[in-house]
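Chain naming follows the written order as A, B, C and D, and within any one chain the residues start at number 1.
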Amino acid sequence: MHNNPILRISTKILFAPIILFGLYVQFHGDFGPGGGFQAGVIVASAFILYSLVFGIEAGKKLFPTNVNLILLALGGIVYGGVGIVSMILGDEFLAYNILGSSPQSGQHIGILLVEFGVGLTVSNVMIALFNAFAGYDKVKEK
Amino acid sequence: MFLAGLIACAITGILILVRIILGKTTFDRILAVNSLGTVIVIGISLHGFYSSRPEFLDIAIVYALINFIGTVAVLKLFSTGSLGGDK
Amino acid sequence: MKSLILFFILITLWLLMSGHYSVLIISLGIFSCAFCVYVAKRGKLIDDEGLPIFFIPRLLNYLIWLFKEILKSNLSTAKVIINGKVEPETFTVKASQVTDVAKVIYANSITLTPGTVTTKMQKDIFEVHALNSDFGNDVRTNEMDNKVTWLEGKK
Amino acid sequence: MELILDIFTGICFFIGSLSIIIGACGLIKLPDVFSRIHAAGMIDTGGTAFFILGMIFQTGWSLITVKLILIGVFIFFTSPVTSHVTANLARQKNILPLGKKIGKIL
(Lines give C-alpha, C1' and ligand atoms only; values in the text may rest on other atoms or scores of the structure.)
Protein backbone atom coordinates (compact mmCIF):
# COMPACT_ATOMS: atom_id res chain seq x y z
CA MET A 1 0.00 0.00 0.00
CA HIS A 2 3.03 2.31 0.00
CA ASN A 3 2.30 3.23 -3.62
CA ASN A 4 -0.53 5.37 -2.28
CA PRO A 5 1.11 8.65 -1.23
CA ILE A 6 -1.65 9.65 1.19
CA LEU A 7 -1.30 6.49 3.29
CA ARG A 8 2.48 6.49 3.09
CA ILE A 9 2.97 10.07 4.23
CA SER A 10 0.39 9.87 7.03
CA THR A 11 2.10 6.75 8.35
CA LYS A 12 5.47 8.47 8.26
CA ILE A 13 4.15 11.45 10.18
CA LEU A 14 2.09 9.48 12.73
CA PHE A 15 4.63 6.77 13.58
CA ALA A 16 6.76 8.59 16.19
CA PRO A 17 3.88 10.37 18.02
CA ILE A 18 2.00 7.05 18.40
CA ILE A 19 4.99 5.40 20.08
CA LEU A 20 5.46 8.47 22.29
CA PHE A 21 1.79 8.33 23.33
CA GLY A 22 2.17 4.64 24.16
CA LEU A 23 5.16 5.35 26.38
CA TYR A 24 3.25 8.23 28.00
CA VAL A 25 0.43 5.84 28.93
CA GLN A 26 3.06 3.36 30.15
CA PHE A 27 4.77 5.72 32.58
CA HIS A 28 1.64 7.54 33.80
CA GLY A 29 -0.12 4.33 34.80
CA ASP A 30 -0.39 5.32 38.44
CA PHE A 31 -1.88 8.80 37.79
CA GLY A 32 -4.75 7.97 35.43
CA PRO A 33 -6.31 5.20 33.39
CA GLY A 34 -3.54 3.27 31.72
CA GLY A 35 -0.70 0.95 32.53
CA GLY A 36 1.24 -1.83 30.97
CA PHE A 37 -1.45 -3.60 28.95
CA GLN A 38 -2.82 -0.57 27.12
CA ALA A 39 0.63 0.91 26.56
CA GLY A 40 1.87 -2.35 25.09
CA VAL A 41 -1.02 -2.46 22.65
CA ILE A 42 -0.48 1.17 21.57
CA VAL A 43 3.26 0.73 20.99
CA ALA A 44 2.60 -2.49 19.08
CA SER A 45 -0.07 -0.77 16.97
CA ALA A 46 2.52 1.68 15.65
CA PHE A 47 4.70 -1.21 14.42
CA ILE A 48 1.62 -2.99 13.02
CA LEU A 49 0.68 0.16 11.07
CA TYR A 50 4.21 0.26 9.65
CA SER A 51 4.03 -3.41 8.62
CA LEU A 52 0.57 -2.92 7.08
CA VAL A 53 1.65 -0.03 4.90
CA PHE A 54 5.22 -0.93 3.93
CA GLY A 55 4.82 -4.71 3.87
CA ILE A 56 5.77 -7.31 6.45
CA GLU A 57 9.34 -7.69 5.15
CA ALA A 58 10.08 -4.03 5.88
CA GLY A 59 8.44 -4.46 9.27
CA LYS A 60 10.72 -7.37 10.09
CA LYS A 61 13.71 -5.32 8.98
CA LEU A 62 12.69 -2.53 11.36
CA PHE A 63 12.11 -4.91 14.27
CA PRO A 64 13.91 -8.24 13.78
CA THR A 65 12.18 -11.44 14.89
CA ASN A 66 14.97 -12.65 17.17
CA VAL A 67 15.02 -9.34 19.09
CA ASN A 68 11.24 -9.62 19.32
CA LEU A 69 11.39 -13.08 20.90
CA ILE A 70 14.19 -12.10 23.33
CA LEU A 71 12.27 -9.01 24.52
CA LEU A 72 9.09 -11.10 24.83
CA ALA A 73 10.80 -13.38 27.34
CA LEU A 74 12.63 -10.50 29.03
CA GLY A 75 9.32 -8.84 30.00
CA GLY A 76 8.28 -11.93 31.94
CA ILE A 77 11.70 -12.13 33.56
CA VAL A 78 11.48 -8.50 34.72
CA TYR A 79 8.06 -9.17 36.24
CA GLY A 80 9.18 -12.29 38.05
CA GLY A 81 12.57 -10.79 38.91
CA VAL A 82 11.03 -7.94 40.89
CA GLY A 83 9.07 -10.49 42.91
CA ILE A 84 12.12 -12.63 43.56
CA VAL A 85 14.29 -9.65 44.51
CA SER A 86 11.72 -8.63 47.12
CA MET A 87 11.75 -12.24 48.39
CA ILE A 88 15.57 -12.21 48.63
CA LEU A 89 15.45 -8.93 50.56
CA GLY A 90 13.28 -10.66 53.15
CA ASP A 91 9.62 -9.97 52.33
CA GLU A 92 6.85 -11.76 50.47
CA PHE A 93 6.66 -12.29 46.68
CA LEU A 94 5.94 -8.94 44.88
CA ALA A 95 5.84 -6.95 48.16
CA TYR A 96 7.25 -3.64 46.95
CA ASN A 97 7.74 -1.85 50.28
CA ILE A 98 11.23 -3.23 50.80
CA LEU A 99 12.63 -2.08 47.45
CA GLY A 100 13.15 1.60 48.35
CA SER A 101 14.41 3.53 51.33
CA SER A 102 10.84 4.25 52.48
CA PRO A 103 7.73 2.10 51.82
CA GLN A 104 6.28 4.78 49.52
CA SER A 105 9.30 5.13 47.24
CA GLY A 106 9.65 1.34 47.26
CA GLN A 107 6.09 0.95 46.02
CA HIS A 108 6.70 3.57 43.32
CA ILE A 109 9.79 1.79 42.00
CA GLY A 110 8.12 -1.62 42.22
CA ILE A 111 4.99 -0.59 40.31
CA LEU A 112 7.09 1.15 37.63
CA LEU A 113 9.26 -1.95 37.08
CA VAL A 114 6.37 -4.42 37.07
CA GLU A 115 4.37 -2.29 34.65
CA PHE A 116 7.44 -2.01 32.44
CA GLY A 117 7.71 -5.79 32.30
CA VAL A 118 4.01 -6.17 31.48
CA GLY A 119 4.23 -3.52 28.74
CA LEU A 120 7.29 -5.14 27.18
CA THR A 121 5.65 -8.57 27.07
CA VAL A 122 2.29 -7.36 25.77
CA SER A 123 3.75 -5.25 22.96
CA ASN A 124 6.07 -8.03 21.79
CA VAL A 125 3.34 -10.68 21.96
CA MET A 126 1.12 -8.40 19.86
CA ILE A 127 3.83 -7.93 17.22
CA ALA A 128 4.63 -11.66 17.20
CA LEU A 129 0.93 -12.53 16.78
CA PHE A 130 0.57 -10.07 13.93
CA ASN A 131 3.67 -11.42 12.20
CA ALA A 132 2.36 -14.97 12.61
CA PHE A 133 -1.04 -14.12 11.10
CA ALA A 134 0.25 -11.84 8.35
CA GLY A 135 2.96 -14.26 7.21
CA TYR A 136 0.53 -17.17 7.06
CA ASP A 137 -0.39 -17.18 3.36
CA LYS A 138 3.26 -16.87 2.29
CA VAL A 139 4.13 -20.05 4.19
CA LYS A 140 1.27 -21.87 2.49
CA GLU A 141 2.47 -20.86 -1.00
CA LYS A 142 5.86 -22.43 -0.42
CA MET B 1 -25.97 19.60 28.78
CA PHE B 2 -23.42 16.77 28.56
CA LEU B 3 -26.32 14.34 28.96
CA ALA B 4 -28.04 15.90 25.93
CA GLY B 5 -24.88 15.42 23.90
CA LEU B 6 -24.66 11.80 25.04
CA ILE B 7 -28.28 11.19 23.99
CA ALA B 8 -27.54 12.70 20.55
CA CYS B 9 -24.54 10.35 20.25
CA ALA B 10 -26.74 7.38 21.17
CA ILE B 11 -29.36 8.29 18.54
CA THR B 12 -26.61 8.68 15.93
CA GLY B 13 -25.15 5.33 16.91
CA ILE B 14 -28.50 3.59 16.42
CA LEU B 15 -28.97 5.25 13.01
CA ILE B 16 -25.48 4.13 11.93
CA LEU B 17 -26.22 0.58 13.12
CA VAL B 18 -29.16 0.55 10.68
CA ARG B 19 -26.71 1.25 7.84
CA ILE B 20 -24.35 -1.47 9.09
CA ILE B 21 -27.21 -3.99 9.04
CA LEU B 22 -28.56 -2.88 5.62
CA GLY B 23 -25.06 -2.79 4.18
CA LYS B 24 -25.16 -3.93 0.55
CA THR B 25 -21.38 -3.76 -0.11
CA THR B 26 -18.52 -4.32 2.36
CA PHE B 27 -17.26 -0.78 1.80
CA ASP B 28 -20.57 0.60 3.10
CA ARG B 29 -20.17 -1.40 6.26
CA ILE B 30 -16.52 -0.42 6.80
CA LEU B 31 -17.41 3.25 6.27
CA ALA B 32 -20.28 3.02 8.75
CA VAL B 33 -18.14 1.25 11.36
CA ASN B 34 -15.52 3.98 11.02
CA SER B 35 -18.18 6.67 11.58
CA LEU B 36 -19.50 4.73 14.56
CA GLY B 37 -15.97 4.80 15.98
CA THR B 38 -15.82 8.59 15.64
CA VAL B 39 -19.17 8.94 17.42
CA ILE B 40 -17.93 6.66 20.22
CA VAL B 41 -14.80 8.82 20.61
CA ILE B 42 -17.03 11.88 21.09
CA GLY B 43 -19.22 9.85 23.46
CA ILE B 44 -16.27 8.75 25.62
CA SER B 45 -15.02 12.33 26.02
CA LEU B 46 -18.54 13.59 26.82
CA HIS B 47 -18.99 10.82 29.38
CA GLY B 48 -15.68 11.77 30.98
CA PHE B 49 -16.93 15.31 31.49
CA TYR B 50 -20.39 14.12 32.56
CA SER B 51 -18.96 12.03 35.39
CA SER B 52 -16.36 14.81 36.02
CA ARG B 53 -13.36 12.54 35.38
CA PRO B 54 -11.59 14.15 32.39
CA GLU B 55 -8.83 11.50 32.50
CA PHE B 56 -11.13 9.56 30.18
CA LEU B 57 -9.69 11.66 27.33
CA ASP B 58 -6.67 9.31 27.21
CA ILE B 59 -9.03 6.44 26.44
CA ALA B 60 -10.70 8.52 23.73
CA ILE B 61 -7.33 9.09 22.02
CA VAL B 62 -6.57 5.36 22.20
CA TYR B 63 -9.97 4.55 20.71
CA ALA B 64 -9.43 6.97 17.83
CA LEU B 65 -6.04 5.38 17.18
CA ILE B 66 -7.29 1.79 17.18
CA ASN B 67 -10.24 2.86 15.01
CA PHE B 68 -7.88 4.24 12.35
CA ILE B 69 -5.50 1.27 12.32
CA GLY B 70 -8.35 -1.23 12.41
CA THR B 71 -10.05 0.38 9.43
CA VAL B 72 -6.82 0.37 7.42
CA ALA B 73 -6.18 -3.29 8.33
CA VAL B 74 -9.70 -4.45 7.40
CA LEU B 75 -9.58 -2.52 4.10
CA LYS B 76 -6.21 -4.05 3.25
CA LEU B 77 -7.33 -7.57 4.14
CA PHE B 78 -10.50 -7.20 2.09
CA SER B 79 -8.91 -5.69 -1.00
CA THR B 80 -5.64 -7.65 -1.33
CA GLY B 81 -6.52 -10.84 0.55
CA SER B 82 -3.52 -10.70 2.90
CA LEU B 83 -2.27 -8.53 5.74
CA GLY B 84 1.42 -8.91 5.03
CA GLY B 85 1.75 -8.15 1.31
CA ASP B 86 3.50 -4.99 0.21
CA LYS B 87 1.15 -4.06 -2.62
CA MET C 1 19.52 18.00 12.28
CA LYS C 2 16.03 16.73 11.39
CA SER C 3 16.28 14.21 14.24
CA LEU C 4 16.93 17.07 16.66
CA ILE C 5 13.85 18.95 15.44
CA LEU C 6 11.73 15.80 15.83
CA PHE C 7 13.16 15.32 19.34
CA PHE C 8 12.16 18.85 20.36
CA ILE C 9 8.65 18.45 18.92
CA LEU C 10 8.21 15.17 20.82
CA ILE C 11 9.53 16.52 24.13
CA THR C 12 7.13 19.50 23.85
CA LEU C 13 4.28 17.05 23.24
CA TRP C 14 5.34 15.01 26.29
CA LEU C 15 5.53 18.05 28.59
CA LEU C 16 2.11 19.25 27.39
CA MET C 17 0.48 15.84 27.91
CA SER C 18 2.16 14.85 31.16
CA GLY C 19 1.31 17.48 33.78
CA HIS C 20 3.63 15.83 36.33
CA TYR C 21 6.97 17.62 36.46
CA SER C 22 9.04 15.48 38.83
CA VAL C 23 12.63 14.59 37.95
CA LEU C 24 11.79 10.90 37.46
CA ILE C 25 8.94 11.51 35.00
CA ILE C 26 10.85 14.11 32.96
CA SER C 27 13.91 11.87 32.67
CA LEU C 28 11.66 9.01 31.57
CA GLY C 29 10.20 11.44 29.03
CA ILE C 30 13.61 12.30 27.61
CA PHE C 31 14.40 8.58 27.39
CA SER C 32 11.08 7.91 25.63
CA CYS C 33 11.63 10.70 23.08
CA ALA C 34 15.14 9.45 22.35
CA PHE C 35 13.74 5.93 21.82
CA CYS C 36 11.09 7.27 19.41
CA VAL C 37 13.68 9.20 17.40
CA TYR C 38 15.91 6.11 17.27
CA VAL C 39 13.11 3.86 15.98
CA ALA C 40 11.96 6.46 13.45
CA LYS C 41 15.52 6.83 12.20
CA ARG C 42 15.83 3.03 11.88
CA GLY C 43 12.67 2.90 9.81
CA LYS C 44 13.98 5.71 7.53
CA LEU C 45 11.00 7.89 8.43
CA ILE C 46 12.85 11.15 9.10
CA ASP C 47 13.01 12.94 5.76
CA ASP C 48 11.09 15.68 3.97
CA GLU C 49 8.01 13.45 3.81
CA GLY C 50 8.06 12.29 7.40
CA LEU C 51 8.76 15.69 8.91
CA PRO C 52 7.36 18.36 6.56
CA ILE C 53 8.45 21.53 8.32
CA PHE C 54 8.93 23.81 5.31
CA PHE C 55 5.37 25.14 5.28
CA ILE C 56 4.84 25.70 9.00
CA PRO C 57 5.28 29.54 8.76
CA ARG C 58 2.23 29.85 6.49
CA LEU C 59 0.18 27.04 8.05
CA LEU C 60 -2.01 29.19 10.34
CA ASN C 61 -3.27 31.36 7.51
CA TYR C 62 -4.17 28.32 5.46
CA LEU C 63 -5.88 26.54 8.37
CA ILE C 64 -8.17 29.52 9.06
CA TRP C 65 -9.21 29.56 5.39
CA LEU C 66 -9.70 25.77 5.41
CA PHE C 67 -11.95 25.89 8.49
CA LYS C 68 -14.11 28.55 6.83
CA GLU C 69 -14.46 26.31 3.76
CA ILE C 70 -15.30 23.27 5.93
CA LEU C 71 -18.05 25.20 7.73
CA LYS C 72 -19.55 26.43 4.45
CA SER C 73 -19.55 23.02 2.82
CA ASN C 74 -20.92 21.36 5.97
CA LEU C 75 -23.91 23.68 5.70
CA SER C 76 -24.41 22.93 2.01
CA THR C 77 -24.05 19.17 2.55
CA ALA C 78 -26.67 19.30 5.33
CA LYS C 79 -29.02 21.12 2.93
CA VAL C 80 -28.46 18.51 0.22
CA ILE C 81 -29.12 15.63 2.64
CA ILE C 82 -32.32 17.21 3.94
CA ASN C 83 -33.61 18.07 0.45
CA GLY C 84 -32.62 14.66 -0.86
CA LYS C 85 -31.64 16.02 -4.29
CA VAL C 86 -28.31 14.38 -5.15
CA GLU C 87 -26.82 14.60 -8.65
CA PRO C 88 -23.36 13.09 -8.11
CA GLU C 89 -20.66 13.74 -10.67
CA THR C 90 -17.11 12.50 -11.21
CA PHE C 91 -14.33 14.48 -12.90
CA THR C 92 -10.55 14.91 -12.92
CA VAL C 93 -8.48 17.92 -11.87
CA LYS C 94 -4.79 18.66 -12.26
CA ALA C 95 -2.68 19.50 -9.20
CA SER C 96 0.05 22.09 -9.73
CA GLN C 97 2.19 21.30 -6.65
CA VAL C 98 5.76 20.04 -6.89
CA THR C 99 6.30 17.78 -3.88
CA ASP C 100 4.32 14.71 -2.84
CA VAL C 101 3.58 16.21 0.59
CA ALA C 102 1.84 19.23 -0.91
CA LYS C 103 -0.17 16.99 -3.24
CA VAL C 104 -1.26 14.96 -0.22
CA ILE C 105 -2.27 18.14 1.60
CA TYR C 106 -4.32 19.19 -1.44
CA ALA C 107 -6.01 15.79 -1.74
CA ASN C 108 -6.73 15.68 1.99
CA SER C 109 -8.17 19.20 1.91
CA ILE C 110 -10.51 18.15 -0.91
CA THR C 111 -11.61 15.12 1.11
CA LEU C 112 -11.89 17.06 4.37
CA THR C 113 -14.49 19.48 2.97
CA PRO C 114 -17.68 17.38 2.94
CA GLY C 115 -19.22 17.20 -0.53
CA THR C 116 -16.05 16.37 -2.42
CA VAL C 117 -13.84 13.26 -2.18
CA THR C 118 -10.59 12.38 -3.93
CA THR C 119 -11.11 8.85 -5.20
CA LYS C 120 -7.90 8.23 -7.13
CA MET C 121 -4.45 9.80 -7.44
CA GLN C 122 -2.21 9.25 -10.44
CA LYS C 123 0.88 11.46 -10.21
CA ASP C 124 -0.61 14.96 -10.52
CA ILE C 125 -4.10 14.05 -11.77
CA PHE C 126 -6.82 13.58 -9.14
CA GLU C 127 -10.18 11.95 -9.74
CA VAL C 128 -12.78 13.78 -7.64
CA HIS C 129 -16.32 12.71 -6.74
CA ALA C 130 -18.71 15.57 -5.88
CA LEU C 131 -22.21 15.48 -4.40
CA ASN C 132 -23.63 17.94 -6.95
CA SER C 133 -22.38 20.43 -9.53
CA ASP C 134 -22.00 23.32 -7.02
CA PHE C 135 -19.38 21.36 -5.06
CA GLY C 136 -17.78 20.30 -8.33
CA ASN C 137 -17.47 23.92 -9.48
CA ASP C 138 -15.82 24.84 -6.16
CA VAL C 139 -13.00 22.41 -6.94
CA ARG C 140 -12.81 23.22 -10.66
CA THR C 141 -12.20 26.94 -10.01
CA ASN C 142 -8.77 25.90 -8.62
CA GLU C 143 -8.97 28.27 -5.62
CA MET C 144 -7.87 25.55 -3.21
CA ASP C 145 -5.14 24.43 -5.61
CA ASN C 146 -3.67 27.94 -5.69
CA LYS C 147 -3.84 28.19 -1.89
CA VAL C 148 -1.94 24.91 -1.42
CA THR C 149 0.66 25.92 -4.00
CA TRP C 150 1.13 29.15 -2.05
CA LEU C 151 1.42 27.11 1.17
CA GLU C 152 4.10 24.97 -0.41
CA GLY C 153 6.04 28.08 -1.40
CA LYS C 154 8.31 26.46 -3.99
CA LYS C 155 7.08 28.38 -7.05
CA MET D 1 -18.98 34.73 33.04
CA GLU D 2 -19.82 31.10 33.87
CA LEU D 3 -23.27 31.57 32.38
CA ILE D 4 -21.91 33.00 29.10
CA LEU D 5 -19.50 30.06 28.72
CA ASP D 6 -22.35 27.63 29.48
CA ILE D 7 -24.47 29.25 26.78
CA PHE D 8 -21.61 29.01 24.25
CA THR D 9 -21.13 25.33 25.15
CA GLY D 10 -24.84 24.71 24.72
CA ILE D 11 -24.86 26.33 21.27
CA CYS D 12 -21.81 24.32 20.19
CA PHE D 13 -23.31 21.05 21.45
CA PHE D 14 -26.61 21.81 19.70
CA ILE D 15 -24.90 22.43 16.33
CA GLY D 16 -22.70 19.37 16.84
CA SER D 17 -25.65 17.11 17.69
CA LEU D 18 -27.57 18.39 14.67
CA SER D 19 -24.53 17.79 12.50
CA ILE D 20 -23.96 14.18 13.57
CA ILE D 21 -27.67 13.28 13.38
CA ILE D 22 -27.99 14.75 9.86
CA GLY D 23 -24.79 12.92 8.91
CA ALA D 24 -26.22 9.62 10.16
CA CYS D 25 -29.48 10.27 8.24
CA GLY D 26 -27.32 10.90 5.17
CA LEU D 27 -25.56 7.58 5.69
CA ILE D 28 -28.94 5.85 5.51
CA LYS D 29 -30.54 7.99 2.81
CA LEU D 30 -27.87 8.57 0.13
CA PRO D 31 -27.74 6.10 -2.78
CA ASP D 32 -24.20 4.68 -3.09
CA VAL D 33 -20.83 4.31 -1.29
CA PHE D 34 -19.26 7.41 -2.80
CA SER D 35 -22.16 9.64 -1.79
CA ARG D 36 -22.23 8.17 1.72
CA ILE D 37 -18.58 9.13 2.23
CA HIS D 38 -19.71 12.78 2.19
CA ALA D 39 -22.15 12.11 5.01
CA ALA D 40 -19.45 10.30 7.00
CA GLY D 41 -17.20 13.31 6.41
CA MET D 42 -19.85 15.52 7.94
CA ILE D 43 -19.81 13.43 11.15
CA ASP D 44 -16.01 13.52 11.23
CA THR D 45 -15.55 17.26 10.64
CA GLY D 46 -18.65 19.17 11.72
CA GLY D 47 -19.63 16.95 14.62
CA THR D 48 -16.19 16.54 16.18
CA ALA D 49 -15.17 20.17 15.69
CA PHE D 50 -18.23 21.59 17.43
CA PHE D 51 -18.30 19.05 20.27
CA ILE D 52 -14.61 19.64 21.00
CA LEU D 53 -15.06 23.42 20.82
CA GLY D 54 -17.91 23.13 23.32
CA MET D 55 -15.80 21.07 25.71
CA ILE D 56 -12.91 23.56 25.41
CA PHE D 57 -15.28 26.33 26.55
CA GLN D 58 -15.98 24.26 29.68
CA THR D 59 -12.36 23.56 30.66
CA GLY D 60 -10.71 26.91 29.99
CA TRP D 61 -6.91 26.83 29.64
CA SER D 62 -5.44 23.72 31.20
CA LEU D 63 -3.69 20.51 30.27
CA ILE D 64 -7.06 18.91 29.52
CA THR D 65 -7.50 21.42 26.69
CA VAL D 66 -4.27 20.12 25.14
CA LYS D 67 -5.67 16.60 25.10
CA LEU D 68 -8.94 17.77 23.57
CA ILE D 69 -6.99 19.58 20.83
CA LEU D 70 -4.93 16.41 20.32
CA ILE D 71 -8.12 14.38 19.78
CA GLY D 72 -9.35 17.00 17.31
CA VAL D 73 -6.07 17.12 15.39
CA PHE D 74 -5.90 13.33 15.28
CA ILE D 75 -9.43 12.93 13.92
CA PHE D 76 -8.92 15.75 11.39
CA PHE D 77 -5.71 14.06 10.31
CA THR D 78 -7.02 10.51 9.94
CA SER D 79 -10.59 11.08 8.71
CA PRO D 80 -9.61 12.10 5.13
CA VAL D 81 -7.09 9.23 5.01
CA THR D 82 -9.69 6.54 5.79
CA SER D 83 -12.26 8.20 3.49
CA HIS D 84 -9.77 8.33 0.62
CA VAL D 85 -8.56 4.75 1.13
CA THR D 86 -12.16 3.46 1.25
CA ALA D 87 -13.04 5.31 -1.97
CA ASN D 88 -9.78 4.32 -3.65
CA LEU D 89 -10.17 0.60 -2.92
CA ALA D 90 -13.83 0.69 -3.98
CA ARG D 91 -12.67 2.17 -7.31
CA GLN D 92 -9.95 -0.49 -7.58
CA LYS D 93 -12.66 -3.16 -7.24
CA ASN D 94 -14.29 -1.49 -10.30
CA ILE D 95 -17.30 -0.07 -8.51
CA LEU D 96 -18.32 2.95 -10.62
CA PRO D 97 -20.01 5.92 -8.94
CA LEU D 98 -23.57 6.82 -9.88
CA GLY D 99 -24.33 10.03 -11.78
CA LYS D 100 -22.64 11.71 -14.71
CA LYS D 101 -18.95 11.56 -15.55
CA ILE D 102 -17.31 14.69 -16.92
CA GLY D 103 -14.37 14.10 -19.25
CA LYS D 104 -12.10 11.09 -19.06
CA ILE D 105 -12.11 9.07 -15.81
CA LEU D 106 -8.90 7.45 -14.55
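In this text, a contact is a pair of C-beta atoms (placed from the backbone, for glycine too) under 8 Å apart; a residue touches a chain by one contact, two chains touch by 3 or more.
Since this is a predicted model, take the numbers as computed values, not measurements.
The chain pair with the larger count of C-beta pairs in contact, out of C-D and A-D, is C-D. Most remote chain with respect to chain C, judged by CA-atom centres, is A. We define each chain's centre as the mean of its Cα atoms; on that basis chain C and chain D are separated by 15 Å. The centroid of the Cα atoms in chain A and the matching centroid in chain D are 32 Å apart.
Centroid to centroid, with C-alpha atoms defining each point, chain B and chain D lie 12 Å apart. Mean C-alpha position of chain A lies 30 Å from that of chain C. For chain D, residues touching at least two other chains, in rising order: 23, 25, 37, 67, 70, 78-81, 83-85, 88, 90.
Residue positions 58, 61, 65, 72 of chain B each touch two or more of the other chains.
Counting only residues that touch two or more partner chains, chain C has 17, 107-108, 121. Here the touching chains pair up as A-B, A-C, A-D, B-D, C-D. Contact residues of chain C toward chain D in the complex are 16-17, 19, 67, 70-71, 74, 77-78, 81-82, 84, 86-92, 107-109, 111-122, 125, 127, 129, 131, 136. On the chain A side of its complex with chain D, the touching residues are 4, 6-7, 10, 13-14. Contact residues of chain B toward chain D in the complex are 1, 4-5, 8-9, 11-12, 15-16, 18-19, 22, 25, 27-28, 30-32, 34-35, 38-39, 41-42, 45-46, 49, 54, 57-58, 60-61, 64-65, 68, 71-72, 75, 78-79.
Put simply, chain A touches chain B in their complex at residues 1-3, 7, 18, 21, 25, 32-34, 38, 41-42, 45, 48-49, 51-58, 130, 133-135, 137-138.
Those residues of chain D that touch chain C in the complex are listed here as 18-19, 22-23, 25-26, 29-32, 34-35, 37-39, 41-42, 45-46, 49, 63, 66-67, 70, 76, 79-81, 83-84, 87-88, 90-91, 97-106.
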